[in-house]
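Chains: A, B, C, D and E, in written order; residue numbering restarts at 1 for each.
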Amino acid sequence: MNTTNILLIPLLPLLSFVLLGLFGKSFFKTKAGLVGCSLMLVSFIIAVVTASSYFFSTGLQNGQYQQLKPFLMPWLKFANGLVIEMGLLIDPLSMIMIFVVTFISLMVHIFSLSYMKGEERFHVYYAFLGLFTFSMLGLVLSSNIFQIYIFWELVGVSSFLLIGFFYQKSSALAAAKKAFIVTRFADLGFLIGILLLSAQAGTLDFLELISKFTTPGDTLSSALGTTFLGFSLLSWGLALVFMGAAGKSAMFPLHIWLPDAMEGPTPVSALIHAATMVVAGVFLVARLYPVYAFSGAGFVHFIDDIGAFTALFAAVIACTQTDIKRVLAYSTISQIGFMMFALGQVPADLGAVHLGYTASIFHLFTHAIFKALLFLGAGAVIHYVHSNEMKDMGGLRKKMPVTHAMFLLACLAIAGVPPFAGFFSKEEILLAAWENNPTIFWMALITSGLTAFYMFRLYFSIFWNKEHDGHHHEKEGDIFLLAPLVILGIGTVVAGFVPFSHLVSSDRKPFETELHLQFSIAPVAVGLIGILLASWMYRKHSAIPENLARNMGGFYKAAKNKFYIDEVWLGFTKGVLFNLIAKPAAWVDRNIVDGMVKATGSGMEWISYRIKGLQSGKVQQYGLFFLFGIIIIVSVYLFKNVPWR
Amino acid sequence: MNLILIILIPLLTGLAILGLNEKHARTAALAGAIMQVVIAIGLYLAFTQERSIGNVFPILFEQQYQWFPALGFSFHIGVDGISVAMILLTAFVVIAGVLVSWNMEKMKKEFFFFLTLLGFGAYGFFVSLDLMVMFFFLEIAVIPKYLFISIWGSGNKDYSANKLALMLMGGSALILVALMGMYFSMPPELRTFDMVKLAEMNIPFSLQRWVFPLIFTGFGVFTAMFPFHTWVPDGHSSAPTAGSMFLAGISMKLGGYGCLRAATYLFPEGAHEYSGIIIVLASIAIIYGAFATMMQKDLKYINAYSSVSHCGFVLLGIGMLTKTAITGAVFQMVSHGLMTALFFAIIGMVYERTHTRMVADMGGLLKVMPFIITTLYIAGFASLGLPGLSGFVAEMTVFVGSWENQTFFHRAATVIACASIVVTAVYILRAVGQVSMGPLKYSSDQKDDARWNEKWAAVILIAGILIMGLAPFWLNDLVSPGVEVITNKLAGK
Amino acid sequence: MSGSTFMFYLLGLLTVFSALLSVTSRNIFRSAIYLLFSLIGIAGLYFWLDYQFIAAVQIVVYVGGIAVLIIFSIFLTQQSGEKLPPVPGGRIFFSALAAAAGIALVLSLMIRYGFASVADKASPTAAQIGERMLDINGYALPFELVSMLLLAAMIGCIVIALKKTETK
Amino acid sequence: MMEPGLYHLLVIGAVLFFTGIYGFFTRRNMISMLMSIELMLNSVNINFIAFNKYLWPDTLGGTFFTVFVIAIAAAEAAVALAIIINLYRSHSSINVEVAEEMKF
Amino acid sequence: MNEYLQLMKSELMVILIIFILLFIKLGKGLPNGTLLSLVQLLLLINVAVSFGFNETGRIFNGMFVHNELAGFQKGILSLAVYLISLLCSDWLKDHEHMPEFFMLMLSALLGMFFLVSSDHLLMFYLSLELASIPVAAMANFDLERRKSSEAAMKMVMSSALASGIMLFGISLIYGISGSLDFATIWGSLRNEPLHIMAFVFLFSAFAFKLSVVPFHFWTADVYEGSPVAVTAFLSVASKGAVSFALFNILYKLFPNLSAPWYTLVVVLSIITMLIGNFFALRQDNFLRFLAFSSIAQVGFILVGLSGQNNQVISSVTYFVLVYAFSNLAAFGVASVLRSQLGIENISQLKGLYKTSPALAWALALGLFSLAGIPPAAGFFGKLFLLMSGAAKGNYWFITIAALNMIVSLYYYLRIVRLVFSAPEGEQVQEVKILKPVGLGLVICSAGIVLAGVVSWIYDHISSMV
């Protein structure tokens, strides 16, 4: 595998961004989509080739996948050995990621051909998709913690642009701003974390950083030795970096931006807010996993608590939402929660197999596929009924059979029903949890039950329930719309059988995992219960949900209002940042700081008017001043110079 | 490379403009500006050429002429990497300014004359190696601004013009006193204003400790140092477009450059003595400016206040006294110069079409003026520090450099500075988003996009921003040797 | 109390009192006349100091010239016998204060300084004065300069005070 | 002390001088202001002569100064009177208070 | 005898011109225009004569001292007079007493010449009177204007008072030292109360002529009332001459009292700058404004005078030269506007640039130079004054001075703004610029631009001291 090929993977999408951005309108017009797709396709093929060659031929050297840096370019040298490098880091993680990213991105590109047809800013859309894909690929291939921060920001901004794509909707603007600012706030932590860690380690390169912080040495000892507010600098750094990760991956309490981000075009949600960008946080933690794992399990527990809580919390909210995309959004949050806490499952002795790590990446992989499928399916539905609301849907299974089938597959997968993809990955996660931390396991179990419930609630109320008339589309959608669904559907079926533990593991050594049937009974059962419950409530139109909601009362209301987290944040920004800081600052500036300047000016005017009487125009008075002047001067001198006075 | 050219060209251009009639003034101005760009780039090439053939002498292309020898002046000019960067910046901003004001109606001739005069002052300032020559050019660059605002300005222009001129002149008065103090406190045989000579001798600390703060504050006024920044919002908002571009783009950099070259470099011990205060003031400026910006309703005010915040980074970088931080400060000067000039240019274009600068009165303009708004986005992203654009490079360099200081105080200041990038994101997105997105508020929904001159102005500046943002190593290689000289002096080597 | 001493005091008193009267009297003619007396008294003092030449100049220029000039211009500008308006008290007070303070200051300083008089010699005769006046190493240059000044003054007076018959 | 000497003359001079100043400040009539000035000049002359007589009898400086002061006094008086007369033409009064148009 | 001619060449030249004019006047006379141009020509020659061929010498046993520097200073003064004769042509050419005016102005100039090069108290007194009495007469030359005669009255009265007080001081000095010759006096002066009083009495007269606060009150009224030509002469020539003379007084006559007079000069200069600025802030009458601004400038001259010996006189001389150019540019514009449009107020200058750009540029240059803004020469002038003051190491003083520069900037720039702003409503009508006026303005502008950046002028001056 040669470097230029790998470079092409991110650069081709960039090319499509530049081409379409500059000449899209004037030159390509409606062909823009095709340009984007073809470039993406090439990039995808190269990615597949690269990944497979890595995994199956070159990568594995004497029982361990090695980490390669085929390309490295110093980008900005700081003084003391700190260098921002633009590089490629080839290891199992990044390989899996480039596959996922290019694959989903390609699907979305194709899907959008029909979904976005006739949009005024069609070319811009594809340009932005290109930009995003480029940044995401750059992110996953980064060899340098600062490089990852750079692409991290780029990803954020392209998500901003895509969320705000329908720019004339005020809601889109609001959502885009919210997404950007919340993640930006999180990135602040990431940045400071980087500064802290890099200053401690004296390097920005991932591998060196990891080795410096995992092998005992003065770097590590100083990082652990110097403490601030009772925590070691290292845990501060990791916590701050995790803050960034949590922001991107919508961990509680920074999750608020993700549901609103659904304002963007649905394919975009599929790409960015389901499959790729939102898992960047997981990726980051996985990237630094050795350090997290090593840094004395202290901080890792925090990670898995957050993850598990987020998973449960989001699942509860998902059960109450009626906007199908929001349901999917919350389910995404919950699933990422799974991945996150899976990463937290560090075995007591670091030598042992880190099942959680593998499981988390595995789940990332499968989830990307079926969640993309769900979103695209939802997109198809929305495309069909022109609404996001469940109440406008129902009984679509006859009208759009393909979509229905694929959607069902995806639901089964996410519900963890064997033999679909979700089953395997979630299995491993639960297993890892079971081995390390039973409480987490139980939370996870409940969550997966809820997952099954709300997914099938969604499924039934879209495709079954009472017939909803008033849409007279004949065709379900053209080939571009359906092909991606089908492909992803196939993916959903087969993805589970990938021998993932052979590919990805914390120490990059392949290991064996076997299915523990007796263990997997419980999750599957919980899943089935959830499904049955959902079908009983939503398969036919009935009053059960309302009654249930009424009985649950306050809790239901709270859940439906997302437990008022948004309101809390809003209160914080409006109340504190604006009214308590910004307003006073502006006032002080105008009235006090500037006031002093004004005061000097007006003071001079005042004086000059007060003393004008001296110039009275009376020549005798002038003379009087003259004489008094002399007398005063002389007598001053007398008192100054003559001691005996 | 003869540096006299750099000073002479704008001067001759100005005279030519005065000589020509109303119609051809702008052509002459443009020609002059293009020449300046060519020369600036030529200078850059020559400079790198010299360096590549291994000329490590810090100052290149020196020239020295007798000038008031009786008083220890001498017309001594020369450049190092920092000045070259600044000269490039000036050339870019000047040509952009000329292009933007291409369709100036009122008193064209004088307008372009004063614009070129400003350029003249700036170039002279950046090449001068004698403190008094520096001072001379510094003051040359002040008064045209006054006339700019008071003649071509808008709004409460007389007040703003006075405030700007008086505060800046107040700053230079402090500098003047400090310079004289420095001169006469030295033993007669050592008295000189020549920076090269001064850098070689070591000035007693007792002198440094009162000269440094005066000089630094004096130049700080130009860079909107915290309590002395209030001329910025009024001045920028009342000035005509090209005026604000020059004000924010270059003349605030005069201050930063002076703080670096005249204060920190020549009085290192003083710098060490006062760095704490500088850092505190800079952090205040950064965060407080950012928050004050959040409350602004007028695009120009927004950009003006954000300039206060951004120039805070310059002072912070200088105050941190580490090589990286100072390099970052220089980066920030260049980057802020480019992006704020771009921002003001865009504001001018938008204003020309919508006849308002109030954010609340605009909306959805992306539909009617895609190019302009796209550029606005680029400017906005640059100023909120998006990677790939200049702002990011500069800010990150400052942060990393500041973090190099181990003490809690320095790191707290750095964290505060970092926090400002969030606030920046908030106000930039609020403004830009409101202007560009949402329901359209415009007289017609016909396209009314940039004209050729505006496009070129924007493109030139964007090119600068992108080059710096994508390939910072060029600028880094240019600047860091110059900075190293300064940091060596700071380290007492 | 020799005769000369008595003479001196007489002259001194004449000078001072007529001066005081001339600045206080509210009839301008009277004050002009008092001024005349005061000037004559000063001339007398010069005689007493036997500076005959100066005394002569004094009488010729002042008594004969300036005083007459002043009286003429009073004729030009004043109807006879009208009194000057009274002076506001504040002005008088301040002026008196200033004058008193001045006298106190000057005299105290001069007396405290203690000028030591030398045994008096013969005063210069008109002849000596004349020689020095026209000596190129003496006072020739000032002499010429004064002549220029008088010329200028004359021109000025003519231009200003000349009654314009052919006004435009 | 009764024997008249330098200081008696100096006292006379000082008194005359400040009498003149007093007059200058208090008189409303320009001509009488002029008279006060003449008094001042005379007092200065007395000083010169006195100094010349009692302290530096062998120089002629004081004497000559007196002569020239007298000459200049004449010139000054002439010009001043001319100006006053002209002012009288335009203001038809020589009271100083009529000439206070320009102020502040 | 030849030596006398050599050393007194400029004085003799002036006297010659005076008599030429006198004879022309007494003879059948000439039409005003020709006479004016003749006078201008003669004055030009005079400028040349006074600048060229200066030798050092001391004649009339110390009553007349001449050297290169004195020659240069006389040159500056005659240049000022020449420029005035050019710039005020509008007013002069149809003034019925033009020859007398020149005779008076020239005799005043003669007085200044002697003032500059006299080393003897008597000469000092005489030349000072010669330099002021004719000016008082000139101030009255607008015979019909009430203000003019009021100005003349105020001037003559207060200058009489001043010279009276100065005479008293001189008499004391004579009493103390028994001589009138600087060379012999200075040794016998000590830091004693009486000596100080004598000094203050003497100093006050110069302060009066320089219009240093609190001896300045006459200035504004006289400037406003008198003809522009006279005002210009007062504010440039007589100020220049007096400041040269003051240098002699301070450094040749009272070196032993330098401790006391230094503080006096510093304090007075601060007060002067402040008062000048404060009053100038709200003036609307242009000449009155210039009066107060020139008072503020005098404060700066005092800053320079307070300094270290060698730099003082060079910086002061240079400043006076620059100040002559700058101030005369402003006065030239003022005189053109007053005599053609009767404009006296600043507020009427609105939009002058529109109608007559040449005047506007000249005015702007002059004001910039007065405000001390580079590249105008005034910048260097003030800079050097400040440097000579700073040499004493009294930086608070310098700081105050520098801050005063800022205040003055405010009102100078205000006028420039008015001149360049384009008003909607009424604006200045067209004015026609006579050739001599144009020439004068060109000379002034050239001087303003070149005298600064071309450094050899200052180098030349400092080489002479």
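Everything below uses one rule, namely that contacts are C-beta pairs under 8 Å (C-beta built on N, C-alpha and C of every residue); 3 or more make two chains touch, one makes a residue touch a chain.
Here the structure is a predicted model, which means the values were calculated and not measured.
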Inquiry  = Along the graph of touching chains, what's the shortest path length in steps from subunit C to subunit E?
reply    = 1
Task = Kindly list the shared contact partners of subunit B and subunit D, in label order.
result = A, E
Request  = Please flag the chain sitting at the greatest distance from subunit A, going by CA centroids.
outcome  = C
Key: Dominant chain pairing [most C-beta pairs in contact]   = C-D
Task = Let me have the rounded angstrom distance from the C-alpha centre of subunit A over to the C-alpha centre of subunit D, please.
result = 97
Query = At what distance in angstrom does the C-alpha mean of subunit D lie from that of subunit C?
reply = 6
Ask   = What whole-number Å value describes the gap between the mean CA coordinates of subunit D and subunit E?
value = 27
Remark   = Whole-angstrom distance, CA centroid of subunit B to CA centroid of subunit E, is 42
Ask   = Touching two or more other chains, which residues of subunit B qualify?
value = 162
Query = So which bits of subunit A are touching at least two other chains?
reply = 612, 615, 617, 619-620, 623-624, 627-628, 634, 638
Overlap residues in subunit E, where contacts from two or more other chains coincide = 122, 126, 129, 133, 136-137, 140, 143, 152-154, 157, 161, 165, 168, 172, 175, 192-193, 197, 220-221
Task = Let me know each pair of chains that touch one another.
result = A-B, A-C, A-D, A-E, B-E, C-D, C-E, D-E
Ask   = For subunit A, which residues are in contact with subunit E within the complex?
value = 604-605, 607-609, 611-612, 614-615, 617, 619, 621-623, 625-630, 633-634, 637-638, 640-642
Key: Touching residues on subunit B, where the partner in the complex is subunit E   = 66-71, 73, 106-107, 110, 132, 136-137, 139-140, 142-143, 146-147, 150-151, 158, 161-162, 165-166, 169-170, 173-174, 176-177, 180-181, 183-185
Ask   = Residues of subunit C touching subunit A in their complex?
value = 91, 94-95, 98, 101-102, 105, 109
Query = Any idea which subunit A residues touch subunit D in the complex?
reply = 612-613, 615-620, 623-624, 627
Remark   = In the complex, subunit D touches subunit E at residues 13, 17, 20-21, 24, 30, 33-34, 37, 40-41, 43-44, 47-48, 51-52, 55-56, 59, 61-62, 64-65, 68-69, 72, 75-76, 79-80, 82-84, 86-87, 90-91, 96, 99-103
